[in-house]
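In the two assemblies presented below, subunit A is common to both, partnered first by subunit B and then by subunit C.
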Partner chain A sequence: MEGVSGEVGDFKVTLLKKARYIREDKCTGCTTCVEYCPVMVPDPFNQEIGKSKAVHIYFSQAIPLITYIDQSCLYLKEKKCGICETVCENDAIDFRQKDQLDQINVGAIILAPGFEPYDPRVVTEYKYGIFGNVVTSMDFERLLSSTGPYEGEIRRPSDQRHPHKIAWVQCVGSRRVTPGNNSYCSAVCCTYTQKQVILTKDHDSSAECTVFHNDIRSYGKDFERFYERAKNLSGIRFIRSYVTISREDPVTKNVFIRYATPNGVVEEDFDLVVLSVGLNPPKYSKELAQKLGIELEEHGFSKTEPFNLIQTSRPGVFVSGTFQGPTDIPESVFTASGAVSQTGQLLKHRKGKLATERVYPEEKEVAKEEPKVGVFVCHCGANIGRVVNVPEVVEYASKLPHVVHAQEQLFSCSTDSAKQITDVIKEKGLNRVIVAACTPRTHEPTFRDSLREAGLNQYFFEFANIREHCSWVHSMEKEEATKKAKDLVRMSWARAVRLEPLGEYELQVNKTALVVGGGVAGMTTALSLAKQGHEVYLVEREKELGGIVRRLHYTLEGLDVQGFLRDLIKEVYAHPLVHVITNARILNATGYVGNFVTRVQSDGFVKEIKHGATILATGATEYRPKEYLYGQDPRVMTNLELEERLAKGDESLKDLNTVVMIQCVGSRNEERNYCSRICCSQSIKNALKLKELRPDVDIYILFRDIRTYGFREDYYRLASDKGIRFIRYEPQSPPLVGVTDEGTLRVTVEDEILGNQLEIDTDLLSLAVAVVAPEGVEETALKFNATVGLDNFYKEAHVKLRPVDFGTDGVFVCGSAHYPKHIQEVINQAYGAAGRAMTLLSKETVTASGAVALVDQNACISCGACITVCNYGAISFEETPKGKKARVNPVLCKGDGLCTTKCPTGAVQLQHFKDGQIMAQLDAAKGETDILAELDRAVGE
Partner chain B sequence: MAGVSRLQYTNEIRLIRVMCTGKVDLSYIFRAFSNGMDGVFVGACRLGECNYITHGNYSALKNVLIAKQILEHMGIEPERVTIKFMNSSDGQKFVEYVNKFTETIRRLGPLGEKRGKNLDKKFEAAQRIVPYVRLVERERLRTDLKTEEDHIKYFQREDTKRLIRELIVDRLIMSEIVGLLREKILSTNQIADEVGLGSSEVAKYVNYLSRQGLITYQEPVRGYTLVQ
Partner chain C sequence: MAKVIELRQLHRLVTGKKYGDVMVLGGGISGIQASLDLANQGFKVYLVERAPSIGGHMAQLDKTFPTNECST
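Then we have the complex of A and B:
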């Protein structure tokens, strides 16, 4: 991006598109050029550990999946070579391409530049680049990967041997104020290290893994259990110590690490040392900020609005992902959706104006015709043709019954070839089409489109994969590969003749949304949807909006929470599209994606709400502790109670001489095996406030791990600097709280460093209590067909990739109902849920695939086996003249077909994968001699 | 990912695509064997990481374990059917698994050679009782186990094995007998010879089938026929 002019709603962005030297519309990604290219270069995607070519695809999931030529190319450097141009059969190489400046006109800009892994070379103490067997976690990540330099084998740099004894060093580049390091916590390294340890043990179950760490920050959802899983593997040591990477064995090249133990400093050697590097701001963030006219915060990440981390300092420019600050995958995903929602608010009036509807010719009725099969066998440049004898396969296919056309194509997926398929269908009246080429994952939509263009139902298309399943994996066995290709074509043919046309179902979408829970999460989502033109019902159980945030007064950063909440509530009530129902109870909910009906009762009246989407934002509450004399001694209180007193300006707080805070009360134990995420910051926030009131107050924070992830680390440091004392305790020996005969409140704790019992007489004891799900979560979940996890927080569809969706379509989650979160994180996720809901609400209809289950009600014996196994709730009984019978709602069915293997009568069949179709394929897999006649007969059945 | 990474593997395997291994029915496994396949490999998502929320791979695992016991009863090595769990990116693992599996099958030799008498009929009988096995699975073999090891252990337990023997294998033999009698009239000894069991054991099944009114003894021809 070269520059931005204009203003919100009307930006002009100048983009520099670097020459790829590949015609994107011609390249099919066949990679023949890569094979012939003579220039080997260190592979940039694989951390330069493996080799790549001057022309190559960046990585195997790249989009678009085509090549580019980098500057190491001989032709670009010296006008020599040009082999790729000769071998490319699709004329896709273009050395005359130049860098190109484009200007585009946009209304809003979303920044998602990610992060830059910390480079440990800037500090010599990490010995990266000095000792051969010191690698970064990014290097190690590639070593572990099946697409990595050694195809998933872990080999160490010095001698390519499999390392057996591996050490990880945490906090490399993070949590340090020395030059070259970052003061903040990078927030993701503890858990990614645990993942690497687990994967290493998967590779080599006898591997010895040692993790040298400071605090273990397993603050994310299910991270605590993940940490325990890693810790409990055999041969794993977690050692809490700073380390020095001291020396390298001159012969074995093993690396020595010095670390502290209770018995003094020891030195130990390892085959490989992995540096768990932190997250830096993107490399060009300063330049980027300058061009965009946005401000950066002190660490070099994007500066944002205090209560809206998605909004940069410039209107119309939004930020998602790690450019907000170090964050994990789920946060990146929902801030991305959140940025979309805020963009939607801004550009509401232009929504959909650039979209045009594609019109296909009307479908011909061919189901009753005799099968007329066309077979197209693709060479894929040289990818298939070089191994499989394509003309022989064509010849073979042409002799199969009902095949009226067979031909070869150089690249079936190229625009011309796809058009040719359409033409041949029309010309020869084909009613089944087989393309023998690559995987349905990439090109099934392309060819289905060719069929639709010819007025043929798209489900008459069948793919035979003779590239990934044949030529690429049997490249040395030409004869056998050709035989297999024929088998695969025959199997596809057996299926193809039995294919049936299928319709795709369309259902109207109700444009209204229901938001359950009127806390900050629910209100934020509701407003975002309303600002995009949707009517929203916001229902709240209590008499007032605000949820738990009504009890919060300031954040760690010192923001005024009550002021923010007042404005938010005011805005919600003022918006004409938001209908608030307080004191509400949900009686029941029925329906499905796009068409829900929910009955809500409030103050004696019942309202029936019809809505297309549901957002669950039912929040969380505080654990009521049974431990540490809570409720028995007035000097013992929870963090929130202390915060309320601080906010009220309780004068007695100024007289405190000593304050003790105990962390992890009710969290990280057997009953609640999770970290409540926010309490470390909460305690530090209160401690700093108390220090403001009276600088010489003694404050002790008794903790297990301090989890001030991200920029919060700076406040932990500030607290230490202000003399707040942090004393670590082990869960086996928790602090003891008692009252002496003289009435003194006394906390006894084992001091690990001093090795003795420490007795602290305190004036006030504040407990950092767990955040727990509110009562009735399971009931609510049941009503909306949502799922609840082990700890009673809602269980999303995928913990990383779908963090605000449920497995049930049209229902979304956000806020602390999903997992405890800081207020800014709640707002991020609330916008994220709004963004996801908008992908549904902005549509007129939802379309369901034709490849769904269907019940033959005559064969249904009403046993309910299918209903029990369908977690999507897609099957239910309906009343028919013949009694209760199962019926599949095609909109909810995902087409996995589990129900079909449970039905004792075969009444439910998965369309497009019917038993008969799969059986035909199975039958055709056997030798070709006897099967043809049999199958031919079967077609006539 | 094996394909994209160009990993070379055995060419003796033919892949059939299903959207989820939960769709892999027992009848597919038996059909493959009766078609002359020497082994059946089921490639599933990792347990707990189903692409769908239905976790069909658990169902596939159970089907494979049930199939193993039925094969064993038929005198066929249970190793001829296997299930392996992997991610779509585990190309290397896929290759390792299918190569190893082909080796196993090669060591066992072609199934055709071991085909005792009437093996095809046994497979046909097995396919016929699949709907019944589904009921048994639902009513009696419900589990809430999470790992492959636990499933294997469960299916190795004596009470599970007995259950399968009583509920499935017995039914299978009777299905086979009915199949045989559909074709011709046979005496107890002849049946024993066809199904490869002792006469006294066969007599037990024949008596049961007679009591159920499914078959009847025809005095003049000294053999059993199906009741029409």
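Then we have the complex of A and C:
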């Protein structure tokens, strides 16, 4: 991007499109040019560990899956070579391409430039680039990968041996104020290291793995269990110590690390050292900020609104992902959806004006025709072609009955190949199509589309997987693989001729949304949807809106929470499209995506709400501790109770001489095996406030790991600088709290560093108590067909990629109901849920698959087995003249076929996977005579 | 000569205007998600990426925690 002018609603962006030297419309990604290219270059995708060619595809699953020529090319440098141009059969090489300036006009901009892995070369102490066997975690990631430089074998740089004894050094570039390092915590390294440890043990179960760390920050959802999983593997050590990477063995090239132990400093050698590098702002962030006219915060990430991390300093420019600050993948995903929601608030009037809907030709009636099968066998570049003899498979397929066309294709999925399929269908009147290539997961939609383009029902398409199921797993047995490919094609053929056309279900979408929970999450989502023109019902259990945030007064960064909350509540009540129902109880909820009906009771009235989407934002609450004399001694309180006293200006707090805070009360134990994420920051926030009131107050924070991830680390440092003392305790010897005979509140804790019992007489004890799911969350979940996880927080559809969706379509989650979060994170996720809900609410209709279960009610014996087994509540009894019979709601059915396995009479059949279709496919695996012969052998004849 | 080319390009800019609703800068997991959500809502999107492929850093990862699923 070269520059931006104009303003919100009308930005003019100048782009410089770099020359690829490849005609994108001609290149099929066959990689012939790559094979012939004589120039080897370090592969940027593989962290320059492996080699690539001057012309190559960026990585095996690149999109677009075509080559590019890099500047190391001989022709580009000195007009020599040009072999690629000669060997390319598609005339796709174009050395005359130039970088091109282009201008686009847009209404809004979303910035998602990501991050730059910290480069440890800037500080010599890390010895990266100096000792051969010191790699970064990003390098190691590529070493682990099957598409990496050693095809998934972990080899070390110096001699390509498999390293057996590996050390990880945490916080490389992070949590340090020395030049060349970042002051903040990079937030993801602790957990990715644990992942790398687990994967290393998968590669070599006898590997010895050592992690040198300062705190283990497993603050995310399910991270604590993940940490325990890593910790409990054999041969794993987690050692808490700063380290020095001291020297390299001149002969073995092993790397020595010096670290502290209770018995003094020791030195130990490792085969390989992995630097767990942190997250820097994107490399070009300063330049980017200048061109965009946005401001950066002090660490070089995007500056944002205090309570809206998605809004940059320039109207109409939004930010998502790690440019907000170091974050993990789920946050990057929901802030993206959040940025979309805020874009929608701005540009709702433009929706659908520029984008065009695809129109398909009308479907031809072919079900009664004789089958006319077309078979397309894909080379997948060399993926299939180098193992399976593709022409032989084509030849074989062409001889199968009803097959009227068979051909090979280099990449069936490429745009022109897919179009070719459409053309052949039309030309030869095909009514069944088989593509023998990869998996339905990657390309079934592509080929179904080719059928629709030709006016053929898309359920006449059949996939034979000769890549994952054949060439990839039998790369050494070419002949056998070719034979298997033929078997697979024949099996697909047997099914294909029995396929039936199916209709899909078009459902009207109700444009109203229901938001359950009137805390900050629920209100933010509700407002964002309303601002995009949708009616929203916001139901809240309590008398007033606000949730747990009513008890929060300031953030670690010093923001005024109550002021923000007041404004938000006011805005919610003022918006004509938001209907607030407080004191509400949900009686029941029925329906399905786009068409839910929920009955809500409030103050004696029952309201029936029809809505298309549901957002669950039921929040979280504070654990009521039984430990540490809570409830027995008035000097013992929770963090929130202390915050309330601080906010009220309680004068007695100024008289405190000593304050103790205990972390992880009710968290990270057997009962609640998770980290409550926010309490470390909360304690530090209160401690700093107390220090403001009285600078000489003694404050002790008793902790297990301080988890001030991200920029919060700066406040941890500030607290240390202000003399707040941090004392670590082990879970097996927690602090003891008692009252002496004189009535003194006394906290006893083992001091690890001094190695003795420390007795602290304190005036106040504040407990950092766990964040827990509110009561009744399971019932709410049940009503909306949502799921809750082990710790009673809602369970999203996919922890990384669908962090605010549920498995049940049309239902979304946000806020602390998903997992404990800081207020800005809650707001991020609330916008995310609104963005996802908008993908549904902005449609007139939704389409449900035709491959669903169907009950033959004549064969149904009303046993209810199918109803019990269905995970989606898609089957119920209906009254018929012949009694109650099972009926499938096709909209709720996900087509998993569980019901068909349970039905004792075969009354339930999964469309598109009917018994007859599957049996025919299985029978075709072997000829009947083969099966008989095998049976004969089995019975000893 | 370079000036002439630049002028030609400028001319093309003026005549061949490209209108969209939103530009998403960066084709990593966040940019891809934003683009898909926008497109699914009927917005025309320009997704701009510096590298020869979209995917970003997530594509470089082997697996993702805490489920250890494949990243690409």
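Following the convention adopted for this analysis, the second predicted complex is superposed on the first by the 828 of 941 C-alpha atoms of A that agree within 3 Å, B and C clash if a C-alpha of one lies under 4 Å from a C-alpha of the other, contacts with A are read in each partner's own complex, and residues count from 1 in each chain.
Simple rule for what comes next: contacts are C-beta pairs under 8 Å (C-beta built on N, C-alpha and C of every residue); 3 or more make two chains touch, one makes a residue touch a chain.
Here the structure is a predicted model, which means the values were calculated and not measured.
When both complexes are overlaid on chain A, the residue A:Leu782 reaches neither subunit B nor subunit C. Within the superposed three-chain model, A:Phe913 lies in touch with subunit B and out of touch with subunit C [touch as defined at top]. In the superposition on chain A, A:Leu587 makes contact with neither subunit B nor subunit C.
Contact comparison for subunit A: of subunit B and subunit C, C touches the greater number of residues.
Of the two partner chains placed by the overlay, neither subunit B nor subunit C lies in contact with A:Val265.
Once the two complexes are overlaid on the shared chain, A:Lys484 sits against subunit B while remaining clear of subunit C. In the superposition on chain A, contact of A:Gln921 is made with subunit B only, not with subunit C. Contacts of A:Arg225 after superposition: subunit C is touched, whereas subunit B is not reached.
Once both structures are placed on chain A, subunit A residues 145-147 are touched by subunit B and, in the other complex, by subunit C. Residue ranges of subunit A in contact with subunit B, taken from their complex: 60, 145-147, 151-152, 439-440, 465, 467-469, 472-477, 480-481, 484, 487-488, 491, 787, 797, 807, 851, 865, 868-872, 894-898, 900-906, 910, 913, 915, 918-919, 921-923, 925-927. Residues 1, 11, 13, 15, 20, 45, 47, 57-59, 61-64, 68, 98, 100-115, 117, 138, 141-142, 144-148, 191-192, 194-195, 198-199, 220-223, 225-226, 288, 320-323, 329, 332-333, 335-337, 339-340, 343-344, 347, 350-352, 354-355, 799-801, 835-836, 838-839, 842 of subunit A are the ones that touch subunit C when the two sit in their complex. Remark: subunit C residues 5-6, 9-10, 13, 17-34, 37-44, 46, 48, 51-69, 72 touch subunit A in the complex. Residue ranges on subunit B touching subunit A, taken from their complex, read 1-9, 11, 14-20, 22-28, 31-32, 35-37, 51-56, 59, 63, 89-93, 131-132, 134-135, 138.
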